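Naming follows writing order (A, B and C), and every chain is counted from residue 1.
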Amino acid sequence: MAAEVIANELFPDSTITLALFRNVENVKEIRQCVMNGTFEAAILKTSMIVDPFQVIVAANKAVVHQNKVGKMMTKNVHSEILFNLSPSKNISDSFRKFGAGDTDQSVFIAVIDDKTGQTLQAIQNTVKGQQVDVDEVKQLSDLNNIKKIYKLTDAELSWSPLDALVTRIAAKDIMTI
Amino acid sequence: MVIAIGFEGSANKLGIGIIQDGVVLSNPRHTYITPPGEGFLPRDTAKHHREHALDILQAALQEAKITPEQIDVVCYTKGPGMGAPLISTAVVARTVAQLWKKPIVAVNHCIGHIEMGRLITGAVNPTVLYVSGGNTQVISYSEKRYRIFGETIDIAVGNCLDRFARVLKLSNDPSPGYNIEQLAKKGEKFLELPYAVKGMDVSFSGLLSFIEERAPVLIKKGEYTPADLCMSLQETIFAMLVEITERAMAHCCSQEVLIVGGVGCNKHLQDMMRKMAEERDAVLYATDERFCIDNGAMIAQAGLEMFKCGMTSPLDDTFCTQRYRTDEVLVKWRD
Amino acid sequence: MERVLIKQGAEGKLYSSEFYGKPCIVKERFTKSYRHPALDKSLTTQRMKAEARALLRCRMSGIECPALYMVDIESRCIIMERVLNSVTVREYTRTLQEKDDAKNLLSLAKQIGEVLGRLHSNNIIHGDLTTSNMLIKGYGENSRIILIDFGLSYFDSVAEDKGVDLYVLERAFLSTHPNTEALFQVILDTYKDNNKTGAEDVMKKLEEIRMRGRKRTMVG
């Protein structure tokens, strides 16, 4: 099953790579690789994702901010994706809730500008699990938890959780609530 | 070769003008100017009009080199406007009409502005911004009516300017708005003011309260000069007017814009409107203070158009009304 | 990002495009050279923020509107969902009037009243209600109204502001769709049922505002 490599809509030379792994045994190890710089990626908690598009919107925003002076809130574009996904303005809280946990059994990966595909390769070599189609993340979402954390209303849930989430991600810095 | 005489006195300007087939033969006017910090009241304004009516009438006839016999129709402002001044002017019109045995036409003041604007500038079918001390409307002609597309939902823009001039105790000579315009030219620091465009309409009372409250304090503290405040006020209120005019133009797909009314004399407003028009490949038409400011010839002009369509009024119907919407009049003379 | 210009209004340009596979609208606001630069920047920013906030708040309150995909204040661009298979209520009304479809006109009026009632009971003021700023998806019984164009919106509980909101719609509605006074009354009646606590005050204000237009002493 292939990962998805998407060209950035606003910066044509930039790319967003998405990949999903299930039955993963070594989330802790993968996270450590990111922390010690073995590879650079956003390791996301699959239960907080309803659709790959949600991650794309967060990633797009991260890249846009990366290209502006002083707009990023975190240290790098990948941690920025986690921050963008979160409704909270608290950075640590964002990492905790949206980053994959050591005991998780699946991970959603997002990599910015993996031009040569080296990072993806490195990740695939490290992950002890099964790579599947990114769309399968829909099966792994925990809507109840998502509803709670994002404070979604019933009306929003009934129409489209995805639309509700991307609207929040896009509007986050504008909202004072 | 129809000759019309028009009598205008709905506010503090008394004007009597004579027009012959689109040519202004005379247009004298006298303005009632109050001391700085004061506005004009109906009773005193009416008194002013009564005091000057005959002199102005004589001047109009002499300048035009016209005798009363040559006049075909007497036109006067029916409304809208201030009661007492309107009536005192109408009385003169009625009297001469009966003396000279001429028909009378009762004219809507706003339409006077519009028809004069069209005559002088040659604009064919413009979106009209009518701005004065008592009116703020965006008007567009459609099916025999001058339809109001947007307007102020509270006070007129000229009123807003006049009242702010009082706060600053600016002279009312020649007009408070003119003095704000001159002072604004020296303004440098921009103060953000509440900007209120509501759909196609505008609102000035919130903005006025805001600046009336803060101006004395800001000036005293030395944070802003009176010039800065005048500049900021103009920039904001004019931007609001240009915006609603642009919206009307976009809606009506119009390529012409005409500014009429006393506030239309303001060169800065004209500049701003011109910039907007140019960006849309449209043309701005504006007149100068002879015709922007209330005058008798504009009443004669509109009256003339009405006369040619048979819209005269029997004496009993020649009353005045303070409230008279622009869209109430059937514009028979246009297609 | 390939864009097709679909409309150029007074505020800016509207482009049709795709955002990572999703049909989208790109709204690019103009800088207005006639405005003082500080005013222009402030207004544009204010309106973009207002639009984003309103889109979120409407959605949360159960009022259908486009999803928001991106807001870029510096380039004055907003990217949002393009609502497919929809027409403006303005076009829809014209079509129904041409067909003399009284039944669906009535049902449309009720739907509008319902949406506005819900909007105002959630203290959202649209600021620019016209039939061009409402989309309708579907036809007749199965149709839904989607509100758009929130650049002039804000949140307030004051009855006067809601009255102005309805007044703006009334004027836009009656001038765009002649002879629809009775239909507009249906909108107001349904509005009352959908904004039970506030409607009475709003109606009073609406009447006051209507009178101001007629009663204003126009001097000068």
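FYI, contacts are C-beta pairs under 8 Å (C-beta built on N, C-alpha and C of every residue); 3 or more make two chains touch, one makes a residue touch a chain.
Model, not experiment: these values are computed from the prediction.
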Inter-chain pair with the most contacting C-beta pairs: B-C
Innermost chain, where centres are averages of C-alpha coordinates: C
Farthest chain (mean CA position) relative to subunit B: A
For subunit B paired with subunit C, centre-to-centre distance based on mean C-alpha positions, whole Å: 33
Whole-Å gap between the CA centroids of subunit A and subunit C: 34
Length of the line joining the C-alpha centres of subunit A and subunit B, rounded to whole Å: 62
Where subunit B touches two or more other chains at once, by residue number: none
Contact footprint of subunit C on subunit A as seen in their complex: 6, 9-10, 53, 56-57, 60-61, 64, 68, 152-153, 155-156, 159-160, 162-164, 166-168, 170-171, 173-175
Residue numbers on subunit B that touch subunit C, as the complex places them: 10-12, 79-82, 109-110, 132-135, 147, 149, 151, 153-154, 156, 158-159, 190, 192, 195, 197-201, 203, 235-236, 239, 242-243, 246-247, 249-250, 261-262, 271-273, 275-276, 279, 294, 322-325
In the complex with subunit A, residue positions of subunit C that touch it: 1, 19-22, 49, 52-53, 55-56, 59-62, 64, 67-72, 74, 81
Of all residues in subunit C, those that touch subunit B in their complex: 9-10, 32-36, 38-39, 42-43, 127-130, 152, 164-165, 167-169, 171-172, 175, 209, 212-220
